[in-house]
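Next come two complexes built around chain A: one with chain B, the other with chain C.
On to the complex of A and B.
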């Protein structure tokens, strides 16, 4: 069953992303949006989990507009792919359900 | 009506930022309040704590989320005579940031220095 998770809180101040990653499985996708994009930073407290889950087949995305807004384009974990607004729509359509973490 | 005398001792006011930019309007509200307060010739300082150090990052481009860049406005602070600009040392290091990543020169403070800064104020406004 494919599942899309969206996360909109920074892992530096909230455990929202950590809670999401704790239940993530292969074939799930995680889309970081709004302040959630700070989770994709190389200095992210969740970097290790993201890299492990990515190796297991979880796909990670960060919304491009939110990344550019915050000036962190150059400093992201390699396993996280930038997603356009159109990609966001495609992810929602392609997955069976969406779980919103906020 | 008599005019209020302007010779009173300036009040020490610290603006404390605690939130990342754009996720809420608080960062912008703090900056607007700070610039407004600068018209009253008080002794102003501003401190970036925790997530708020992200407000100071260079290369912010929030055009596509329909917001105005904070990084474009923050460098005007010295022109408004706001030169006491501080950032929390542990907040920067936790996030892998150095002062070279920031849009304006800040003084980096440890926990004891932050406590002393707060303790010396006449008022603290927290955003």
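On to the complex of A and C.
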């Protein structure tokens, strides 16, 4: 089953993203929103896990407006794709279930 | 596609309602059918008609009301979460002999069953936590 995870906490302050990544499987997608977008930074404490999971087929996105609001557009891991609000809606539609981590 | 949303965060103390509104607005403009927005926990503060943010800031309650009116969306507030946080409609204000009511127009107070119903009758339910 395809599953979309949304994560809204920064990995610099909470383990939310780490816990999400621990149960991620191929065909899952992870959308980083709000402070969760800090997880997409090159200096993210979860960078290694994100790159490993990405190689296994997990797709990673960061909500574009939330990335821009924090001025971190230029410092993101290459495996993370920017997503618009419309892309968020499309991800919800495309996946069977959305699991929100907060 | 039929969608519903659950909002758990209050305006000004978390981004939940901002994120939820942006998602709701995008979904509606893309032609999806947003059936219900359920406000739970601190999310019930989204329904307060007595909150006056500065004019140049987001008018959260009015924005939900306008979206609901345009796209015919149920705005449902959990009764138990609302009462303990001082969000009441006329009926509850009378029942508890309160001085005033503050539930914004277009919002309704109902039970948690409405969240379950939203989950069952929609194809997707998306939660926005605090």
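Methods note: the second predicted complex is superposed on the first by the 102 of 102 C-alpha atoms of A that agree within 3 Å, B and C clash if a C-alpha of one lies under 4 Å from a C-alpha of the other, contacts with A are read in each partner's own complex, and residues count from 1 in each chain.
As a working rule, a contact is a pair of C-beta atoms (placed from the backbone, for glycine too) under 8 Å apart; a residue touches a chain by one contact, two chains touch by 3 or more.
This one's a predicted model, so the numbers in the text were calculated from it and none came from an experiment.
If you put the two complexes together on chain A, you find that chain B and chain C both fit without a clash.
Once the two complexes are overlaid on the shared chain, A:65 sits against chain B and chain C alike.
Judged by the touch definition given at the top, the superposed model places A:93 against chain C, while chain B stays out of reach. In the superposed model, A:34 lies in contact with both chain B and chain C. Of the two partner chains, chain C is the only one touched by A:102; chain B is not. Contact with neither chain B nor chain C is seen for A:20 once the two complexes are overlaid on the shared chain. Closest approach of chain B to chain C, taken over C-alpha atoms in the A-based superposition, is 5 Å. In the superposition on chain A, chain A positions 8, 34-35, 65-66 are in contact with chain B in one complex as well as with chain C in the other. The part of chain B that touches chain A in the complex is made up of residues 20-23, 50-51, 54, 57-65, 67, 71, 94-97.
Here chain A touches chain C in the complex through residues 6, 8, 33-35, 63, 65-66, 84-86, 88-89, 92-93, 97-98, 100-102, going by the rule given at the top. Listed in rising order, the residues of chain A touching chain B in the complex are 8-10, 12-13, 34-35, 38, 41-43, 64-66, 68-75.
Contact residues on chain C toward chain A in their complex (touch as defined above): 1, 3, 8, 15-16, 19, 22-23, 25-27, 30, 32, 124-130.
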